[in-house]
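Report on the following structure.
Chain nomenclature is as follows: A, B, C and D, assigned in order of appearance, with residue numbering initiated at 1 for each chain independently.
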Amino acid sequence: MTSQIIGSDLDDLVRRIPNGAKLAIPKTDCAGAMAATRALIRRKAQNLHLIVVPTSGLQADLLIGAGCVETVEGSGITMGEYGQAPCFGRFVREGRIKLKDSTCPAVYAGLQAAEKGIPFMPMRGLIGSDLAAYRDDYTIMSNPFADDDPIMAVRAIQPDVALFHTPLADRHGNVWVGRHKPLMLLAHASKETLATVEEVREDNLLDDPVYGPATIPSIYITAVAQAARGAWPLGLTGHYREDSEHFAEYMRLAATEGGMVDYLDRHVRRVGVAAE
Amino acid sequence: MSAGSALQRNKPIVDYAPEELLIVTVARLLEGIRHVAVGTASPIPGSAALLAQALAGGDMRVSILGSRESQVWSDTGVELFDCAGQGRIDAFFLGGGQIDGQANINLVGVGDYPHQKVRWAGSFGSAYLYFVVPRVILFREEHTRRVFVPKVDFISAPGTSAPNVYRPGGPWALVTGLCLFGFDRDKRRFRLESVHPGHTLEEVRDNTGFDFDIPDRVAETPAPAPGTLALIRDRVAVEVADAYPHFAKRVFGIGRETEAAI
Amino acid sequence: MTSQIIGSDLDDLVRRIPNGAKLAIPKTDCAGAMAATRALIRRKAQNLHLIVVPTSGLQADLLIGAGCVETVEGSGITMGEYGQAPCFGRFVREGRIKLKDSTCPAVYAGLQAAEKGIPFMPMRGLIGSDLAAYRDDYTIMSNPFADDDPIMAVRAIQPDVALFHTPLADRHGNVWVGRHKPLMLLAHASKETLATVEEVREDNLLDDPVYGPATIPSIYITAVAQAARGAWPLGLTGHYREDSEHFAEYMRLAATEGGMVDYLDRHVRRVGVAAE
Amino acid sequence: MSAGSALQRNKPIVDYAPEELLIVTVARLLEGIRHVAVGTASPIPGSAALLAQALAGGDMRVSILGSRESQVWSDTGVELFDCAGQGRIDAFFLGGGQIDGQANINLVGVGDYPHQKVRWAGSFGSAYLYFVVPRVILFREEHTRRVFVPKVDFISAPGTSAPNVYRPGGPWALVTGLCLFGFDRDKRRFRLESVHPGHTLEEVRDNTGFDFDIPDRVAETPAPAPGTLALIRDRVAVEVADAYPHFAKRVFGIGRETEAAI
């Protein structure tokens, strides 16, 4: 509910993500805020409880490999056609991260509960899955309108901070998300929301009859920072493509602990990388 | 590649790729479906859905997640699951790093959870969609005892549920590189429906870690008819190249130079 | 899930609303399908269970006054600045309609449950209200994640048919709703959805990155009919204003049973009215 | 109109409309609020919110529902209620055809439900917002025993709840054409805070059907300060004309020729 700082200083932006925060990030194809993520690694974020909504790829793997993450909550970490997420796999094997495995609609359901200010959401499915067996925030309850109809209750998920990247915001702090409506859900459910964007417009997006319906009102937005190519090496729909050569390099280096150090030195920690 | 062609008896000799046999086999399982949804990492099911749509004269809706040319939903997240919960999705595909004889699937990993020796991506939407989509087709090309185990190490989504559990959906069939299984929800067991041309019952048995029912006479999976193959190559290949460019290039030799959607 | 008939025959459209149907209509300012509503009255619809989402005005009052409605479910019927809804008030006083009084978020919650395929939604508030006392589809349950935390469970509402008017659809049956997202919820929750629109475009609205996010995909749409000024005498944002003279005439005539007959003859039953 | 002006003692004689007194009185109740939402049918609360915002130097968010010039939400339905449920709305206004001494409100009708002799519009969002918005200000200009009854005929929303009921919100004050009441949530009673200039305690008592607490010394509601009045007339009047054109025309003599939004 604070006013929006609109600038381009990513270090300033990620200072709003404290160590230990429940940090929510969107699906890879919703465009993760990768430039901000690298800034977060540079500021040596620690013990993050990372909520991937509902899955992630490079962004989560990078944060894990950089040692920023204590817990991963969500329904999948994958590098898609490039293969399994290397750091995630290694950290799991070595017992270096805690897991809260889920299924996509349960992640959404938890966020929707927070969005509505209710303590839980009922949800079909899940009963008999080991996902439920390992989660104390999923519990079976009875449908109060039927006899003998067990249904899963999924506890509300309220992230401390949501972080994502979109093509467009305006000077008032309204952020356009297009088809990626889970970003709206994320902003509604989270205590604070940080966005990076390609472009900041002067006119009020909310007042535009066509852009308005797909725009997150500034009331939910803590801060916006402009970051050109802020999703790189991910792609951004309508703007630029995924950098597949970079993905290949990542897969090669991140396969080992030593290679990962090399990757971080080369692409994250070095000053002046990718115009940051 | 032309696997299978030399082994077919009483059929016209037509060259086809093993992927094309699988596409045709899966498409057959979609007969009568009004709406099938396909996940992003499923090029063979995706091709099969598009083939089934072509065979149905277009009177079938195919929603390929992540396809940039045919948007089906106005939302990239929740809508798929809500749509399935409303009963508007009749068929979906799931795979599994492990699948057992009760059709339990494991997308999480091998060994003792949580710190497993092999960790896969995770359960995605399986623990929900497996319950609410009436015709879930399990698809796993690799047919080995590593995949088809007696009991999965982690149940991402159970194959069957107690009678009081709301479950309009569940496993319908399992298509592998060797054969086609049906699933009997009452008996909670797979039943071998047919073995693909060039393969044998013994091969299936040797490579399956769980028990399954075997009919008295084991059929051979029908090879693709020439007209169907033509449909795949002339039409499906082009459509599928949008969502699965690498696959389209490898199998059909067509497609774009880039995999990244803009 | 049937294919979309796109034409301009409103009589054909409203034939899809059977007597006794649970018919859901949106808030007045979302633009009710008034031309289609008049066609529905002409076809002498009976015993409708009208669900107003979450409130209505002229549209509901007209259907009630024309004798089409058996039950009204929702959280308000008002003519706004013109005053109380005359037919609604008269029919309530005379015991000629059944009431399912609600509160706005409970109407949405019921529809959201149907949208998700869950049997109910938990909801804060409502406890101790007489609304809950008169509804067997609201019941108090326990929050399974806390001790002694009662919470209202609101049963799913699945309308048989949703009917509304928007500015724009396309040839594929995709319907643009702009900021009126409750129309999306309505379409998701209802078994069938009928839309009238001002304009039908040739290009696919869903594929448009700006229109797409505010477009109901055709999978939810049973039929679309083009109806120029289809919301009249209501206004349609960005297109035309509410016809305040007509509202004044309605208020004058609808105040009595006889006047209402006159209104219906003059504006609904007469052939060729308002270009229908 | 200039009611009240002649009756003020020890104050500069400034003409103001009774609506302006109410605007100022309500605005004072919004001090310290970060975000106030106002329903469409509430021109005086709407004006008060805009005045409070102006007095706060703009550091207050005002969301007027149905305003076409200052869109606050991207959704015309659910978002208001979700936003309130998230704790992002600090103040809201409710009225009532009947209001009783426990701050129960009735927006449904008079007589035995359902087929009441007088039927109003309905409960709208009251049964929810009254629970979750911390500072709900009850506003009803008509101060009569018809409105302020011993017990409402229908509880659209209860004024108080049992201790185990989740209720971060509830009644904060009641502003009428005669006076200002505060509400004591522990005692579950209204308490008279001040009587508007030109009116008396007896008048309030005679016209109120419920019991309420009366302080030893009953204050007079402060008249609008000249600077505040100027702010209302120069700035609030213009802003409020967007959402409430009829009101702006009647009270401030400004506004558009049409009430219908396009």
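Following the convention adopted for this analysis, a contact is a pair of C-beta atoms (placed from the backbone, for glycine too) under 8 Å apart; a residue touches a chain by one contact, two chains touch by 3 or more.
Being a predicted model, the structure only gives us computed values, none of them experimental.
Student: Quick one: which chains contact chain B and chain C both?
Tutor: A
Student: Decide which interface, A-D or A-B, involves more C-beta pairs in contact, and give its chain pair.
Tutor: Per the contact counts, A-B leads.
Student: When the centre of a chain is set as the mean of its C-alpha atoms, what distance in Å lies between chain A and chain B?
Tutor: Averaging C-alpha atoms per chain gives centres 30 Å apart.
Student: I'd like to verify one number: the distance from the centre of chain A to the centre of chain D, where each centre is the average of its C-alpha atoms, in whole angstrom.
Tutor: A distance of 41 Å separates the two centres.
Student: What is the distance in Å between the mean C-alpha positions of chain A and chain C?
Tutor: Centre-to-centre distance between chain A and chain C: 37 Å.
Student: In whole angstrom, how far does the Cα centroid of chain B sit from the Cα centroid of chain D?
Tutor: Those two chain centres are 61 Å apart.
Student: So which stretches of chain C touch two or more other chains?
Tutor: As it turns out, chain C has residues touching two or more other chains at 116-118, 123-124, 149, 151, 179, 181, 212-214, 237-238.
Student: Quick check: what residues of chain D touch more than one other chain, meaning two or more?
Tutor: 71, 74-75, 81, 85, 132
Student: Chain adjacency by touch: line, ring, star, complete or other shape?
Tutor: If you draw each chain as a dot and join those that touch, the picture is no line, ring, star or complete graph.
Student: State which pairs of chains touch, listing all of them.
Tutor: Touching chain pairs, listed by label, are A-B, A-C, A-D, B-C, C-D.
Student: Under the definition above, what is the set of chain A residues touching chain D in their complex?
Tutor: 1, 114-118, 184, 188-189, 204, 206-207, 212-217, 219-220
Student: Once bound in the complex, which stretches of chain A touch chain B?
Tutor: Going by the criterion above, the answer is residues 27, 29-30, 53-55, 74-78, 80-81, 84-85, 88-89, 92-95, 98-99, 101-106, 108, 112, 123-132, 134, 148-151, 179-182, 185, 235, 237-244.
Student: So in the complex, which bits of chain B are touching chain A?
Tutor: Its residues touching chain A are 40-41, 66, 68, 71, 74-78, 81, 85, 107-109, 113-132, 154-158, 161-162, 164-166, 246, 258-262.
Student: Which part of chain C faces chain A closely enough to touch in the complex?
Tutor: 116-124, 137, 139, 141, 143-146, 149, 151, 153, 155, 177-179, 181, 209-214, 237-238
Student: So in the complex, which bits of chain B are touching chain C?
Tutor: By the definition above, chain B touches chain C via 34-35, 61, 69-75, 81-88, 132.
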